[in-house]
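After this come two complexes, each holding subunit A, first together with subunit B and then together with subunit C.
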Partner chain A sequence: MAAAAGCARRPAPAAGYRFLTQAEVETLGAWVDTLIPPDEDPGARDAGVVRYIDLQLTRWFRRHQSEYREALAHIDRWARSRAGRGFAGLPLDAREEMLSLMEQGEADRAWFPDGGKAAFELVLAHAMQGFYGNPRHGGNRGYASWKMIGVPPMPVRGREHYEAERTFPEKT
Partner chain B sequence: MKAAAAALLLGLAVLLMIPAASFLYEAGGPDACARCHEMGAPVGEWRHSTHRGVPCSACHGDALTTNARFHLTNARRVVQHWRGEAGVRAQLGPAEIRAMLPRCQKCHQQEFASWSNGPHAIAYRSIFLDEKHNASRHLMDDCLRCHGMHFDGGVRDLVEPLSTKGPWRLRRAELLDDPAIPCMSCHSIHRRGALHEERRLEAKIAGPRQEKFRPSLAFFDRRSMAPVDLALLPMPAMSDGGRPVKMSPDPRQALCYQCHAPLSTRQVFSGDDRTPVGVHEGISCLGCHDKHRQTTRASCSNCHPRLSNCGRDVEQMDTTFANRSSKHNIHTVKCADCHPKGIPARRARSD
Partner chain C sequence: MPLPEVDAVVIGAGAAGPIVAKELAFAGWRVVLLEKGRWNTPADCRKDDLRNQRNPTLGYPFGPEEEGNPRVFVDLNGRERIVKPSQPGYNNNAFCVGGGTLSYGAMAWRYHPNDFRMRSTYAAKVPRAFENSTLEDWPISYDDLEPYYEKAEWEIGVSGDVSGDPFQGPRRRPLPMPPLPPTREHEILEKGARRLGLHPFSIPMLRNSVPYNGRPACMRCRWCVGFACEVDAKNGTQNTVIPAALATGNLELRTQCAVREILLNDRGNATGVAYFDRDGRLWEQPARYVVVSCGAIESARLLLNSRSRLYPQGLGNRHDWVGRNLQGHTYTGANGLFEEIVYDDLGPGASIAICDYVHGNPGLAGGAMLANEFIRLPYQFVSGIRDPEAPRWGRAHKEFVRRAYRRIIPVQGPTQEIPVFDSRVTLDPRVRDRFGIPVARISGYRHPHTIEISEYTAQRAADWLRASGAVKVWLRRAGRGVSGGQHQAGTCRMGNDPKTSVVDAWCRVHDTDNVYVVDASVHVTNGAYNPVLTIMAIAYRAGQRLAKEGRRA
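What follows is the complex of A and B.
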C-alpha cells in the first residue's frame, strides 16, 4: 500500500524515461544543450545526456531526485518571470545568460536561494559525465564525444605475447 | 499434516509463478519485451537487424526452457527492475552466452563447425589454467578483454590463486570447457542488416550490391558491455623500424587487431602483432586466414604462382608455411631472405 501510495505521488515519467516528466525532459534538454551545444558534432541532448541523467536518477543519483525536480521547476518559472516563456522555449543566448548568472551564484533568489550555483554545478557535473563517459552508463550515445575528440571506442592495446618464440622464432 | 500440505502447495505455487509470469510476459511478443526500459534498446535494434526474422525466444529462451538458472536470472531481473536498479540494457552472462551457442549453430552450421575446429574455440580451461603462462605471467583483468570477455566479474572471480605459483583452478568450474571466445565476441546479433534469408540467393546479387562483410561484425567491449561496430574500430598505423608499413584497406582486419595487437610503439611483430611485411606486405589477415577456422592451407594458390616473381611453387619454399621451424616467417619473408646475393631479374612470362 505504502509503495502504491508512493507511486501515486510521483508524477508520471515521460514515455521511455524512468523518472523525468515530459516537461522536465524538455527543460533539462535545453539546459544541457546550453552547456554543450550542438555544432558539427552532437550536443549534449543528442548525445543522450538527458537519458543518462534520467537513468541515473533512479540508480546512483537517487539522492539528487528532489534537487533535480526543484531546479528544473524553478529555472522554468524563473524563465517565465523573465521572458514570459519556459526555459526550453528561450533562444540560446537567453539560456546562456541565465546559466551564466547561476554559475556566478547571481540567479534570482526568489527561485534559487543560493543564487543557483549548486544546481548549476550539479547539472554541469552530470552533463559532463553523461557526455564524456562510457555509453554503458546511458549517455555518450554512439560514442559521440569520443568521436569528436578523436578517441577510438576501442583503442588498439597490445600486450607482449608470451609464446612469441613460437610465432616469431627469430625474435627470441 | 494439513499445514505441511498447505506449505507444499504454496511452495509449488511460488515455483510455478516464475514460468507462469514468463508465459504472460512472452505472450505479448517483442512489444511486451520492450515494455521494460532496459529491453527497449535491444528490441529496437533487433527490429532492424539481420535476425529480425528470429523471435526473441529462439535465442533467449522462453517459459519452456528447462534451465533453472535461466528462470532465476529472469526473476532476479524482474526484482532489479521493480527496485529501479536495472541497468541501461539487459546483459547476457557467460551462462546465457553458452546457452546461445547451439542456437547459433542451428542456422549457421558451416560457420559453427569451422569455428569449433579453429583456435578461437579455445576453452576457459586452456586459457586460464595454462601452467606455462601462469608460472611466468600474472593473470590480470586485461586478459578478459580478449578471452572470456563476457565473464561477469574480474579475473580474481575466475581463477585462484592469482600468483605465479599454482596449482591454479577455476573458481567457476562450470566454465572449464566453455569457449572463451564465443560467436558473440566478434558478432553482434542485433546489428542492423539484411535478413539472412535474403542472402540465400546472394550468388545472383550483382557485385556492387553484394555485402563486403557481414554487418554483424563487431568487437565485444567489456568496458562498455556492448559490441563496438567494426566501423568504429581503429586500424593501427604500423611501422617497421622507421618505415611506415603498407596496410591492407580491408576493414575486417580491425577486428583482428583488437587482440592480435601491437604494443604502443606500433612496431610490426611487437606484442601479438602479425602484420605482414616483406613479400606479403599489404595483404589482409583474411587474405590468407580462413575467417572462422583461421586455416591458411589453401590460401597460397589464391595468388600464386601467377603473382610469384620467380614462378616457383611457393608452398615448397623454405618458410614457416612449409615448416614451422623455418627461419623465414611467412609474415616477414622477404625476397632477399632467399636471394642474399641479389634478386634475379624477373623471368619473362610465357603466357
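What follows is the complex of A and C.
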C-alpha cells in the first residue's frame, strides 16, 4: 500500500492491526487508558480506541504515522529510564504523572525535544475521537461512551425503531 | 467544446442558484444548472459524528473533497499556509446539490429592518463602528424583500412561531407550519427569559414539523445540523425548487461540473461559461445570461478568474471591490451548567430564541439574535463545550462528562459583523486546484467593534442562563481573525454606485448586461441572524425580475 512508500524497514503490524506493532499496541493501550481509564464504565482500550487510531493511521491520519512510531518508542524508553519498566508495565499513577509532565511540556527532553506537548495533544485528541465518536470507525465499541453518558445509541431509520431505542435506561 | 446555447446558465446549486433556476424554468427559459459537487439522497445521510459538515475530523461528506481543492489562508501575523478543506482557515460551507441547505441547521431568519440600514441607524450614535470599516446601508429595504421572504417561507417550507417576537419587521402571513413541541431546554430557558422580561419564542426553521410539500415531519433525531436528513424532513433546495424545476423539463442539472471562468466578448458581456466535467474534460456552455451562485468565497474567485481585455483585474472588478468585505458571523455566547438534567435527546435541539439584543444595545452598532444550540454530540461536547476548568483527561474527566453532559445548555448568537475592506478573497498567485485554476486566498481581520458587540451579547447569554437556573456559567468568546465559513457573505456587494459596489439592487454586475451574482456575496451587511432565508429571498427577487425583463432567444 501507498502508506508504506518510502519506508522499506516498516515493521510488521500486530495480528489484526494495520499499522501498529504488538509492542506499540500495548504502549498505546496503556497511554489511552491513562487518558480515559476504566472504572464503572469501560476505559479507552476496551472501547476500541487503539483500533480507531490504528485504522486512521492508514487512512485519514497517515501523515501522523511517524509521529506515533516515534512517540510510542520514546515514551517507552523514557519510562524505562525513569522506572526501569516499559510504559505499559507501569501502574496508573506513574503513567498519569508522566502524561502530566508531557501535557506541561516537561517531559525528559532526551526523548521529547518539545517536552512532550505535541505528542500529548495528538494522542489526547485522537483518544477522545475514538472514545466518543461513531462506532463505525472502530472506537466507542458497544456504544461504551454513549452508554456512559446516558444517550441512546444510533437510531435505526424509521420512527418506531427510534422510539424503541429511547427506552435506554436514564442515568442520573 | 461548445454546446448548444441556452437562455441561462446558473453556476452553483446551493441556496440561491436553484431558486433563480426554478423561477426561470417556470417562465419557460431553457436553463442549465452546473454544480461542482454531487447529488446525495436521504440514504447518503451518514450520521457520523466524526465526518459531517460541522465536524470534519475525518473529512467533509458533502464537499469539497479533501484532495485537489486547496485554498491559501493568511493569518493575523501575515503568515500564509496552504489549507485543505478540513484544516482551520479553509472557511468551508458545502459543495453538493443543495449546497449548505442539504446539511444546515435550517434556522430561517428574516433580517431586522435596521439590518438593511446600518449606516442610517448608527452613523451618528456609534461613530467608532465606521472607523476603518465599510459599514453601509443596503440599496434595498426590508419592505422590498418582505414578499420574497414570505415566498421562501411557504415554498421551501418553514415551521416555528414568531408571533412572540416584538422586534421583527412587519409580515403579511404567518409561517406555514407550527413549531415542533418544546424540549426540556426550551421550557427551562423560556422561564428564565420571562424572568428577565425578555421575549422568547420558537425559532423559525426550514424543517417540516408536520407533513409538508409531500414529505414527512421531522422525527427528532440527534444528528441534524451538519447532516442530511434521512426522512427528508429538512427543507433545502435539493428537495424543493430543484425537483420542481426539473419537472418542468426546462432545467438540466449537471453535477460534478466545475466552472473555470465566465466567457466574455469584446463589449464586456458574457457569452457563456467554460467548465470541467467529472472526467476533467473542458466544455463551453454558451448562454444568454450567466447567474453566479457559488457561495461568497467561490463566487468572488470565479469573477476574479474571468478576465478579458475590458476586465484585466477580473469581471466586475474595475474598482477593486470584488472579494472585499468578506464577513460571516462572530458567534459568541455562554454555556450554563445546571443541577438537574436538561437534556432530553430530542432533535434538532435548537428551539428557542430571543431578539431583544439584535439592536438598541447601549453604545453599540448592532447585536445578535440569541438561541439555544443544536444537540451537542458527545465528541463535540468534550472537544469544545465542556467547562474549561474541568479536567481534560483522566479519572476526573470521565466523572465530569458522566455528570455534565446532560446538564449543560449552550446559548449563543451570530453577532452582526462590521465589514472591513481588507478582509478579502483574492486569487493566490501560485496555488492551483486539481484543474489548474487559481485558488482563493483569504486574508483579513475582524473589526474591533465586532469583538466589542460580541462580548456584550455573550454576557447577555450568560445572564439568560443564570436567570434560567444555571449554577455555573462560562463564556464563549470571539477570535480576532477574518470570518467567513458557513455564513460567508459580502464579497460582491450590492449598491447603487458602481465605484463602491459590484452588483446593482437587482444583482446584475454593474459593468455588464447579462451577468448576475445572486448568493450571499451580495450582502452589504450580514444581519444579526443566520443568513439563509435572506439569501433565498434575494434570489427569488432577482429571479422573478430576470424572468420578467430578460430577453430570451
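By definition in this document, the second predicted complex is superposed on the first by the 146 of 172 C-alpha atoms of A that agree within 3 Å, B and C clash if a C-alpha of one lies under 4 Å from a C-alpha of the other, contacts with A are read in each partner's own complex, and residues count from 1 in each chain.
The rule is short, and it goes like this: contacts are C-beta pairs under 8 Å (C-beta built on N, C-alpha and C of every residue); 3 or more make two chains touch, one makes a residue touch a chain.
If you're wondering where the values come from, they're calculated on a predicted model, not measured in any experiment.
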Subject >> Touching partner for A:55 - first (subunit B), second (subunit C), both, neither >> reply: first
Subject >> subunit B versus subunit C as contact partner of A:134, first or second or both or neither >> reply: both
**OP:** Could you say whether A:36 touches subunit B, subunit C, both of them, or neither, answering first, second, both or neither?
**Re:** second
Original post:
Just subunit B (first), just subunit C (second), both, or neither: which does A:93 touch?
Top reply: neither
Original post:
First (subunit B), second (subunit C), both or neither: which does A:16 touch?
Top reply: first
Original post:
Of the partners subunit B and subunit C, which touch A:143 in the superposed model: first, second, both, neither?
Top reply: first
**OP:** State whether A:152 touches subunit B only (first), subunit C only (second), both chains, or neither.
**Re:** both
Original post:
Which parts of subunit A are touched by subunit B and by subunit C alike?
Top reply: 59, 134, 136-137, 152, 154-155, 157, 159, 162, 170-171
Original post:
Of all residues in subunit A, which touch subunit B in the complex?
Top reply: 16, 18, 55, 58-59, 62, 134-138, 143, 147, 152-162, 164, 167-171
Original post:
Quick one: in the complex, what on subunit C touches subunit A?
Top reply: 47-51, 57-59, 219, 221-222, 230-231, 341, 343, 345, 377-379, 381-383, 392-395, 397-398, 401-402, 405-406
Original post:
Considering the complex alone, what residue numbers of subunit A touch subunit C?
Top reply: 34-37, 39, 41, 56, 59-60, 96, 99, 124-125, 127-129, 132-134, 136-137, 145-146, 148-152, 154-155, 157, 159, 162, 166, 170-172
Original post:
Quick one: in the complex, what on subunit B touches subunit A?
Top reply: 37, 40, 84-85, 87-88, 132-133, 136-137, 142, 145, 219, 221, 223-226, 228, 232-234, 236, 257-258, 261-264, 269-274, 325, 327, 329, 331-332
